[in-house]
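Naming follows writing order (A, B, C, D, E and F), and every chain is counted from residue 1.
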Amino acid sequence: MRFDEAYSGNVFIGANPDYNESKVVLYGMPMDWTVSYRPGSRFGPARIREVSIGLEEYSPYLDRELFDLNYYDAGDIPLPFGNPQKSIDLIEDYVGKLLAEDKFPLGMGGEHLVSWPVMKAMAAKYKDLAIIHMDAHTDLREHYEGEPLSHSTPIRKIAEHIGPKNVYSFGIRSGMKEEFDWAKENGMHISKFEVLEPLKEMLPKLAGRPVYVTIDIDVLDPAHAPGTGTVDAGGITSKELLASIHEIARSEVNVVGADLVEVAPIYDHSEQTANTASKLIREMMLGFVK
Amino acid sequence: MRFDEAYSGNVFIGANPDYNESKVVLYGMPMDWTVSYRPGSRFGPARIREVSIGLEEYSPYLDRELFDLNYYDAGDIPLPFGNPQKSIDLIEDYVGKLLAEDKFPLGMGGEHLVSWPVMKAMAAKYKDLAIIHMDAHTDLREHYEGEPLSHSTPIRKIAEHIGPKNVYSFGIRSGMKEEFDWAKENGMHISKFEVLEPLKEMLPKLAGRPVYVTIDIDVLDPAHAPGTGTVDAGGITSKELLASIHEIARSEVNVVGADLVEVAPIYDHSEQTANTASKLIREMMLGFVK
Amino acid sequence: MRFDEAYSGNVFIGANPDYNESKVVLYGMPMDWTVSYRPGSRFGPARIREVSIGLEEYSPYLDRELFDLNYYDAGDIPLPFGNPQKSIDLIEDYVGKLLAEDKFPLGMGGEHLVSWPVMKAMAAKYKDLAIIHMDAHTDLREHYEGEPLSHSTPIRKIAEHIGPKNVYSFGIRSGMKEEFDWAKENGMHISKFEVLEPLKEMLPKLAGRPVYVTIDIDVLDPAHAPGTGTVDAGGITSKELLASIHEIARSEVNVVGADLVEVAPIYDHSEQTANTASKLIREMMLGFVK
Amino acid sequence: MRFDEAYSGNVFIGANPDYNESKVVLYGMPMDWTVSYRPGSRFGPARIREVSIGLEEYSPYLDRELFDLNYYDAGDIPLPFGNPQKSIDLIEDYVGKLLAEDKFPLGMGGEHLVSWPVMKAMAAKYKDLAIIHMDAHTDLREHYEGEPLSHSTPIRKIAEHIGPKNVYSFGIRSGMKEEFDWAKENGMHISKFEVLEPLKEMLPKLAGRPVYVTIDIDVLDPAHAPGTGTVDAGGITSKELLASIHEIARSEVNVVGADLVEVAPIYDHSEQTANTASKLIREMMLGFVK
Amino acid sequence: MRFDEAYSGNVFIGANPDYNESKVVLYGMPMDWTVSYRPGSRFGPARIREVSIGLEEYSPYLDRELFDLNYYDAGDIPLPFGNPQKSIDLIEDYVGKLLAEDKFPLGMGGEHLVSWPVMKAMAAKYKDLAIIHMDAHTDLREHYEGEPLSHSTPIRKIAEHIGPKNVYSFGIRSGMKEEFDWAKENGMHISKFEVLEPLKEMLPKLAGRPVYVTIDIDVLDPAHAPGTGTVDAGGITSKELLASIHEIARSEVNVVGADLVEVAPIYDHSEQTANTASKLIREMMLGFVK
Amino acid sequence: MRFDEAYSGNVFIGANPDYNESKVVLYGMPMDWTVSYRPGSRFGPARIREVSIGLEEYSPYLDRELFDLNYYDAGDIPLPFGNPQKSIDLIEDYVGKLLAEDKFPLGMGGEHLVSWPVMKAMAAKYKDLAIIHMDAHTDLREHYEGEPLSHSTPIRKIAEHIGPKNVYSFGIRSGMKEEFDWAKENGMHISKFEVLEPLKEMLPKLAGRPVYVTIDIDVLDPAHAPGTGTVDAGGITSKELLASIHEIARSEVNVVGADLVEVAPIYDHSEQTANTASKLIREMMLGFVK
């Protein structure tokens, strides 16, 4: 007598209740304790699920339906408030298990630091892994005012882990001079300000490689994503971000996992950011998982 | 690998996933299509569940814990948008089934009209049923500008169905003169403005009888419940409403079902109304179900 | 083919479209240019009208209906933005005309300075005029940082105009020490913190006198009136303010005009303050005008 | 002594109080009872009028002033809450009367279902009627979970009524696969994602024909119209929508009526959507009515 | 040429720029990384200062002015994001220095965990220290889901440090059964639900002792303090909290330090909580420091 | 023991506390008393400073850091509420002093009228001054409903003062027909709707001249700047505005002063406008001051 969960907002719309049948596993990482500015992204995954009931299952962009795909919504990983190290360990462990069972991990943040343990787990499985990173911020700090576990450091960590030349950042419009310099000196790719055009240029070079895609919602202009911790003017539109996802979907790269982070419902007064995020999740699933 | 639902905000905190083991069934009635003023209560039940994760399981008022009770959260009844008659039929049918299986129905609205089919189903089972009604509004209209299915009519309907003298309204501070006159002429009890004191007086008269308790959150002052469709100044405090629930809990009446309606998250900017509602649900469960 | 204005939110609910037939004239004074803190009360009168469609015409407190009364809603006086002196002159002139035609003026602010020209016009007609003033603030400054036309000065101005001993302030919980001292030294009445009890004591002394009632919505606690320029904790409830209005209504004083000021919709996120104000206007009309 | 209505926010700025003198009749359809997601558009027309006081009467786009045109603002049609069928009948009847008196009907919603009875009335008068439809959503469902009267069905209804090949949809980015398929199979025109460029191509084909223009505000990206029921990322800008209106204005089509629907002030925290809608109404009047 | 800081919102209104001349030091502890529910209190101290410009310097409750007192506003202690242990150490160190220089520390949170290092520093100086604690929550957990550094543990920590019988909690309405049991078994005082009356009874027993007062703003009902992390219905009014502060001020206890925590501006849509907090700070200063 | 001001939100991030060492002086003009629509920009400068703590000091657009520049943040000029004339005089006097000491004045409004006294002071120093004006509105009225001191008049005033042919407006999309006509007849430059392209064309003509740049934040589309008094659809993006500033920075004009006005935090629910404004201030400093 429990009413249909798949259309209740408790799970992402249309999710398959059977883990074993599912190729994709959608999971939340409700952590926001290292952010230097506005917290609140812990509630992002829950709100994205909730508003997903407003989505159509069909993508007119990709001419494909959610019914064509099996995905399981695992809910949010319970993370210990205020303990970044333990949170990171729990995430790495969880994603490691998903990969061992050959699932496609599709994560929802939470602050961007959550992507670090995920990418580490991905790198353990995929030796030739490349990262496609869309963000307003470099996230290349070594530490933030002394703290190495910070939402400003995940891309630095993965770049050092798999080699900076395997990391491709797009849409970057904010960072310390030292971060841009470090990227340059170490052969890491940064496309400033724009995403779609440089992506078109770069994708052929990544053809055939396993790629993890990490999207910080603040790559969007604040007009398109007010509901995030650190808004930064001069960003791209949601139309451009959709087109970028579709560009990857149609390319020769082999997307092996992805995440979307930093949705903070507290600042999202008309829920536009959560709605946009939930559409992006649909397009990422339909576009990245064949 | 699905993370624990009972503490996820997807169901009311601590809910038992097993329907059969549960005495209480919590269910949502997400309908708001007949309201004459501000719609939005369709999202009430979902938000009450979501914020319930902030609740303690223990009531220091009643010295009792949610662990002492088995309750199942059935989710929201799927109701057809814009079709009041069919919605009402679906609710009556559903509650009838719960009663047939000897459950204690605890409903969450939605607009107040949803209480009408519930009370009708209750009356079918309990021949001597009395209604305790807490509200800012009489809800005694025959119709609203020609529409008999309206959020302004449920108390009139049940009063005509079981006899006006079996209906006890408290806290009423708004209505048409005709409604107050009708109540008076037909022997229905209305306590204007106050709840706790008149309730203390009235409860002994209802001792031993099966009682259904229907609470419109707008019995609270707008200061205590801004998140509702029709706010009305001069109401009671949340402290008084809690005390009124406890007064019933400690009385000799036999509560056989209850609901809490008209929480509209859209107007509830700091989620105070949803949080209050979720605490009220806890106290109603712990107080009404022995 | 224009749909019924009286129930449109364009005028206060139930207003009579005929000025001549009407005893009461409701008018707005949309001025907020001298406030020292948060502006926005210029939109107060319009929003009070708009939400009045949610009101019942019947008062269960006074057992009287709006249908029993003829009142005209004149709309908002067009006031020149940023020019306090000219605004004040226009208001005084307008209210003078209403009084000449023997209307009962019921004003809606706007900042509290608008009450000064109204009270001056009242004093010109009623020689023995007394003022009942409910407010969080003394409003007894001579000037605000050099500006004599300020929302902090209207009560000082009228007190000097008709004599401080004819002014009775209630609910005051904020002001400079000099203001309280000035009141004391000049025989003006101030009841600190409370309204209802001191009013009960004071009203018999005013029996038979013409009285103007000016209510700053911030006499209410911020819980009950967040939508105002200068909120101040420790105020009274809306229940107490309603009771105070009813106390005056049942007393022997002769209310000859009234206003309600400082509703600022911008800060009133669930419109609770505007709804409360619109109920207060109804009770003032039904209680003060026989 | 009533202050000038034409600049009060009670009617659309500059409206002529004389119905007979007016070519255009502006009217509201405050219905939102069939929406499947977020209700609240019932308050759209009132808010659009209210904020219209911030508009200039002059359009620098069209070099034309509102003074050049006579338009009457009829207010909102009183519609029965929760009764879609009766609401629809009232609207059809009203617009039929306007057309009989040779008025240009300019409607404001309300949910999109309100356009169905309007278009039906238009089709009764104009035999060769074509529809230009701008929207994020196809609105081509036969029913929504069993309900044929739904905000998801109006374009299907008019397409079946006047023939699908006479309906031209632009900007569509959401719908069920079945809806897109139905359109394709039945010769209905759908331009996905874009409005301006396909419109330029299509308008010459419609030259000389009577055209009704129906705009769902959600054709705009959520960045440009957060205040609507169902936001959907990837939409057009307000600049593009203005240009599209101007493109129609300068074309050879004969616009015989128009509407703008789905503005929901509740989600419009800075009133940007209402302000945009009010500018769109001005441009539609100045552009469509010669 | 820097405009006057004391009235700019950069420091608490009327603060003395000279640290040495000042008896009181006001300081912020902008930490919120261990909270289990809604974060955001890191911005509390800054907003309290900002809105303090709306305060009068005079207290009509205590008949005393801020001019009578020298207080320095030190700004916010820079705390490392996401590192609770280091944050706590920095706070303890800072307050230790203040006490060494014989200042009266008046802290603003931040989450309640910040009070733990402050109370520890106080206990190091004052051997017979007692704690007066006003809160909705017991805060007596040993750990929160394994984390001993949590906003749910500060009172447990200080109780174990100075002995439970030296801790007096008031207004408590939420906690685990185990927490209430622990208090009872260990001789700690808890007054459930109420503050003022039990305080009147308890204060004489504390006469002459050094007392630290820690106030969690959520001791107020959500109606009076929506802007906090964990709202809980059934609380006291701001009038009662003011009266409780005045009761302490007039008692024989020797207040040696105090704090006010958990103001979270993000949820405080009309800034009412921040305004209330800033008034409470004024009354605490004027009442506690002779 | 005062914690570092430069990173506290009390001053713009990275400001030099030494006035004498600083080339740039940043100052606020917190005036909003003449606005005809929504007030609140008085709080703009304070909020821009507050959110500046979220900024990086480095501009990847200009490859320059704030550390390369000395700028002093003078705070807000104390202006008399409700007295436009005196406010204007105070501003003119203050900026005159800055210019006498050879500072680069960088002002933050407040309503646009504040730019008038600034430009007047600039014109007194720079005989060949030209104005670059970016705005949605012409601001060319002689008076607003009789008031010559209005937020609708500053560009008219400076145009009459230095000659209309020295004033260059960009992005204009709103105004009375008379204003556009006046500009045309008097040789003033107006680029309608667009900023970047016409600026590229115009800048070479201004090469070598002293230029004052005044930016009304509402030149941005409401999507990019909801937090302002008068939003107007069809505006430019923040990306275009940034590019326009950079275009001026790279041109041959000699920028001698600048301002950014009309940020109104009250309508800026996710603080996106304030964040954008603070980034614009950074780019204006780094781009305009060599």
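The definition used in the following text is that a contact is a pair of C-beta atoms (placed from the backbone, for glycine too) under 8 Å apart; a residue touches a chain by one contact, two chains touch by 3 or more.
Source: prediction; values computed, not measured.
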Count of steps on the shortest touching-chain route from chain A to chain F?
1
Intersection of contact sets, chain A vs chain C, gives B, D, E, F
By label, the chains that touch chain E as well as chain F are A, C
So, comparing C-alpha centroids, which chain is the farthest one from chain E?
D
Same or different contact residues where chain D meets its copy chain A, judged by the half mark:
different
Relative to chain B, which chain has the most distant C-alpha mean position?
F
Pair exhibiting more inter-chain C-beta contacts, D-F or A-B:
D-F
In whole angstrom, the CA-centroid distance of chain A from chain E equals 39
Per the centroid of Cα atoms for each chain, what is the distance between chain B and chain E, given in Å?
37
Shared interface positions of chain D, touching two or more other chains:
38, 78, 221, 223-224, 267, 269
Pairwise chain contacts, counting only pairs that touch as defined:
A-B, A-D, A-E, A-F, B-C, B-D, B-E, C-D, C-E, C-F, D-F, E-F
Could you list, by residue number, the parts of chain F that touch chain E in their complex?
1-5, 7-11, 19, 25, 46, 50, 74-78, 97
Taking the complex as given, what residues does chain D use to touch chain B?
32-36, 38-40, 42-43, 78, 80-84, 144-147, 149-150, 266-267
Give every residue of chain C touching chain B within the complex, in rising order.
53-54, 56-58, 60-61, 63, 65, 221, 223-224, 237-239, 242, 269-272, 275-276, 279-280
List the residues on chain E that touch chain B in their complex, please.
37-38, 172-177, 180, 192-193, 221-224, 226-227, 230-235, 267-269
